[in-house]
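Chain IDs A, B, C and D follow the sequence of writing; residue 1 opens each chain.
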Amino acid sequence: MPGNTFGQLFKVTTAGESHGGALAAIVDGCPPGLELAVEDIQGELDRRRPGQSEITTQRQEKDKIEIMSGVTEGKTTGTPILLIAYNKDAKSEDYRKLKDVYRPGHADYTYQAKYGLRDWRGGGRASARETLARVAAGAIAQKYLREKMKFEVVSYVEQVGDIKADIDYRQVEKKDVEGNSLRCPDKQAAKEMVALIEKVRAEGDSIGGVIRGVIRGVPAGLGEPVFDKLPADLAKAMMSIGATKGFEYGSGFAAPAMRGSEHNDAFCANDKCKIKTCSNHAGGTLGGITTGEDIHFRLAFKPVATIGKEQDTVDKDGNKAKLSAAGRHDPCVLPRAVPIVDAMAALVIMDHYLRHRAQNS
Amino acid sequence: MPGNTFGQLFKVTTAGESHGGALAAIVDGCPPGLELAVEDIQGELDRRRPGQSEITTQRQEKDKIEIMSGVTEGKTTGTPILLIAYNKDAKSEDYRKLKDVYRPGHADYTYQAKYGLRDWRGGGRASARETLARVAAGAIAQKYLREKMKFEVVSYVEQVGDIKADIDYRQVEKKDVEGNSLRCPDKQAAKEMVALIEKVRAEGDSIGGVIRGVIRGVPAGLGEPVFDKLPADLAKAMMSIGATKGFEYGSGFAAPAMRGSEHNDAFCANDKCKIKTCSNHAGGTLGGITTGEDIHFRLAFKPVATIGKEQDTVDKDGNKAKLSAAGRHDPCVLPRAVPIVDAMAALVIMDHYLRHRAQNS
Amino acid sequence: MPGNTFGQLFKVTTAGESHGGALAAIVDGCPPGLELAVEDIQGELDRRRPGQSEITTQRQEKDKIEIMSGVTEGKTTGTPILLIAYNKDAKSEDYRKLKDVYRPGHADYTYQAKYGLRDWRGGGRASARETLARVAAGAIAQKYLREKMKFEVVSYVEQVGDIKADIDYRQVEKKDVEGNSLRCPDKQAAKEMVALIEKVRAEGDSIGGVIRGVIRGVPAGLGEPVFDKLPADLAKAMMSIGATKGFEYGSGFAAPAMRGSEHNDAFCANDKCKIKTCSNHAGGTLGGITTGEDIHFRLAFKPVATIGKEQDTVDKDGNKAKLSAAGRHDPCVLPRAVPIVDAMAALVIMDHYLRHRAQNS
Amino acid sequence: MPGNTFGQLFKVTTAGESHGGALAAIVDGCPPGLELAVEDIQGELDRRRPGQSEITTQRQEKDKIEIMSGVTEGKTTGTPILLIAYNKDAKSEDYRKLKDVYRPGHADYTYQAKYGLRDWRGGGRASARETLARVAAGAIAQKYLREKMKFEVVSYVEQVGDIKADIDYRQVEKKDVEGNSLRCPDKQAAKEMVALIEKVRAEGDSIGGVIRGVIRGVPAGLGEPVFDKLPADLAKAMMSIGATKGFEYGSGFAAPAMRGSEHNDAFCANDKCKIKTCSNHAGGTLGGITTGEDIHFRLAFKPVATIGKEQDTVDKDGNKAKLSAAGRHDPCVLPRAVPIVDAMAALVIMDHYLRHRAQNS
């Protein structure tokens, strides 16, 4: 199967290139009767769009979304929801010089190798612009889940370069995340991160980072044995976001050095006899199925591939070439990636929620 | 969809519990004409089976595989291949006392929460025994890929507890991995790891670790934009293995602290004009599609949940309880997990190979 | 995707050839807590097995089914159910002479053309024996549906050759179907059909027929717009049974000659205000979604391809050849096909029932 | 899974209601490098659009298609192709009176029963207008297949009411079909059919018919055992078109009365040693896999549900009501359904072609 569909029962199929006519998503399988308006989606898109602050690219794109089907009299009908955002003011000719030269760290070469041709305008389908469609679809999932459970997904920037936020994921609220342009709830660290980003930008360079995601309010029982474990599907969702290099949840890469007696989360029960775990090294799942505790994970991003500094490369015939970008690019993708992580998390939970109730109603 | 199928074109569906009648896999979509005998599969299963060395569980299970369909006169026919291994000598009654008590770190509670009942004998479907079926299916994929390309997957133990192997993944050969019972190609580290494992076993405890996987010989062009990027599907495959807590590939969690100018792998071309990259921070893919370079990744495992030490827990009604295992369990899952990682890696590449040639022949 | 899986949420994957080790099905997605024993399945298999009456093949196959996983303490666990029936006493050598000659009306040539080789023993995967796995899986679906709704599927032989039963589908009960070896509830017609079948058998020939299926008790609302309409999925299910040539439901091929004013089923409401239709030309669905009325359809079968009479054919090199079967074959497949139709009908309804409740709970 | 996607490797997902913003299709999996322009698609849409002749509805809809992604410099890129046609001049208010009344023969009641609400404007998602997206996607498949093989699909009207064309399907050429407004290559029958359609329209009534489809030039080997037989997938494709009531291929419903010795198509070989069959009762497949002979089938359509005559029905509360349509509706859907049948046939062949080459390259 081609790879532009995510989810099985809440099924999102996206299309669109950076400089084509539009970005679009068809969301199929949304339960009927959900109140849905453009405003429910636009807010999440605004968190993702370029030009929203001084540390992101200065390209101004409105990314205005339209709902073209699947909603009548303000409610979802259960039929496919077509979401579309038209591309505007794309300066495709800027990219013509890249037609036959492969940008390091980009998908130019691999798309060419795969398909024998590629849309070289603005990165084509490999452009980060495709995430617009994910964010739009994810906004619908978030809305539905909030109505069905105490669902909340709070992602935030935890690290930029070697600067790490000092904050407990259990304490972070959405408003803390939106409190600064970096989407890092540790204000002091956020300031240092901004300074670092401005420094690397001035140097014509870029920098990576880590996003922490926290999903709250998911009941016990979601996830499917054995291949579609919830953390497996979450890992796939997150690693499908461009520029990601690593995913860990719960104890993550700290687990290997732990003893079983230390790592096992003891079960306890509160006075309502609800089963809980005292700690949460598990990160919210056991055997791939949710425990009812918070699902928390970390996602590593590489530094943005497009940089101002001159780089060595080759052209399509293998001849040496030099490249330096003269565009309006993000020196650090992290702040704008936060809503993408939120969206993908919501899509995973939504899909597993419907899968669970299909079998276990 | 239920979650017991992996892959789309090389499609593996598995069934079976720890103490049921059998473990089985149906492999559908295998190309016809591949020479296939039990011996092609049994070798990989023997690497996975319990009781193979002094540091694994002393349970002796032969895990003898039978091919029940899809092969005629020694060759695959293109129709489904049914692989089956019967369960023998399962001591189910040992588990009866666990029927109403939830083992910390295990899936007892979550299966109960999901399904309202569970097979409590030996962990049921959540038992690591299910990986037998993955390894069997993966052996077929490995054989096919080796005939089609210079494919090789070499996974090995890189870390146990806080002991790390000091070895370059580019130098590791399969025979180095099989050189000791730990499947760690750094002999000195392997000795220390064995000592640590024996120590934690003596303490009635367990320990985690890290497996490194290296996939060689995959041509450029495999992987699908945008959701089914090769590393996304690889992440899912690996994180679907029980006890895993994190996945990273290429630069992984080291990427966040790097600059773009440092992280970007410059393209170069060898004298045959074949495009290559000089370094491989990318880990073998760009934009989710293979570059032709080695795919390398690391996978974190938590310490085994079953330990001899007494632990606090609750029963199904929320009453406090104490638990301590008196079984024959692995104190460290890593050595036996190596062939599982190999298998899942092969399944991912195989499926993407068929997907690629469907669209791009 | 390979084609050995049916259904999306109640997902049946089958394997096995006529003369291989076994026929098997993995049923994934069955809701947990369903009481299930071998006896629930064996009865349906006995309706399908060879040698059950004087007008079917005299081959005696017991087709004893075993449940190898997915059931504990008499109940389904929600994990995959592996069903297996071992092949016994297959006389493969009888088929060796057919290795290089293509039997008219059989899949010998097409499998060879597709795969470049084939399992020539007993028809291999193309043997009608594969339907054993369908019937076993369908028996589980039937049991579940009967517990959830007033579900009943009653299929029966309506035509053999040019002899047609004179009976109203609304009046037929399961016991009437099982009242004679032909599974035709019109006793007089059944006698004539038996006579016809004996006649064609004596002539070394075979004969076709029509099965009528009636599905009762399905609530309104099942089926998915626009491609997975219930009758579309039902058509696929039925036309996937070997030897079928046509499917019609409701008014079927009589509809073209009707006027809209005549064909439209007027809506009416009974005193409980339940919406009903006065007639049922629709055949139980409108716009691909069930109305709550009976779903009724007809399925045409060609005469069995294996006949005693000598036939012209060619071998794999295109040389002329003669063939005549000297085996124990059914002269008419219809009576044994009835439980297969029942099974496929149940699988379709079961899958759509789960799909519906995933989105619309 | 929701039901708005068709195909597995050439995967078409559609969206859109009759009176919403637009009809759209995302075609994912199209091989790269295919020359594709709007003109390649628009021609097929023009064959489907309303208002094209005196016997179809007089609504004038231009149905102008736009390609929004997946094509660069005139060629497909291998990434998703978004096709969109905006809705214009929809007179939604005409339908308000139908909001609470169920039209006989329509999906009003079943959508309401399924989803609890519905888009009552113009039939919503159940409108025949959704087929626009199928036809657009099918045009791409047709173009690709014509470049790869001597592929041709020729569908035509064979029956309207009780008037049947007297013509051999093997002789029909595309230009004969387009020779009259009825798309019936028997000119004399076409005249009588037109007269009949005008008669039933004058009576405020409607009439059904039969379309014959012929697919030529498909090589041997396409189709998958056992559930995804080519005729099974073809049956599903055809029965997913609104208003269809029956599907038969090859000998179809005439097969039951035939003897095996009569029905079996003897194999022969021409001087190039290519295996052929002398007759084609099989209809182009054996065991669900193509033989290389023509695939031919017949598809029954019911009379259009919307009629001018007054009809009995009920409203949503079960109260009796009367209905008569005062719109611009087709009295017979057949002529405009021909390109839809062509499209669905092409989608089936295209998908199976890619599936076949994935496994058997």
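Just so we're on the same page, a contact is a pair of C-beta atoms (placed from the backbone, for glycine too) under 8 Å apart; a residue touches a chain by one contact, two chains touch by 3 or more.
Quantities reported herein were computed from a predicted structural model and do not represent experimental measurements.
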Chains touching both subunit A and subunit B, listed by label: C, D
Greatest separation from subunit C - chain, by CA centre: A
Of A-D and B-D, whichever chain pair has more C-beta contact pairs: A-D
Cα-centroid distance, subunit B relative to subunit D, in whole angstrom: 46
Subunit A-subunit D separation of Cα centroids, rounded to whole Å: 39
Two or more partner chains touched - positions in subunit D: 1-2, 4-5, 8-9, 14, 29, 32, 78-79, 114-116, 125, 225, 355, 359-360
Subunit D-touching residues of subunit B, taken from the complex the two chains share: 1, 8-9, 29-32, 78-79, 225, 354-355, 357-361
Residues of subunit C touching subunit B in the complex: 1-2, 4-5, 8-9, 11, 13-17, 20-22, 24, 26, 28-29, 32-33, 66-70, 72-73, 75, 77-82, 84, 114-121, 124-125
Touch list for subunit D against partner subunit C, complex: 1-6, 8-9, 14, 102, 104-107, 109-111, 113-116, 125-126, 130, 159-162, 200, 205-210, 220-229, 231-240, 242, 244-253, 255-269, 273-275, 277, 281-283, 285-292, 300-307, 309, 311-314, 317-320, 355-356, 359-360
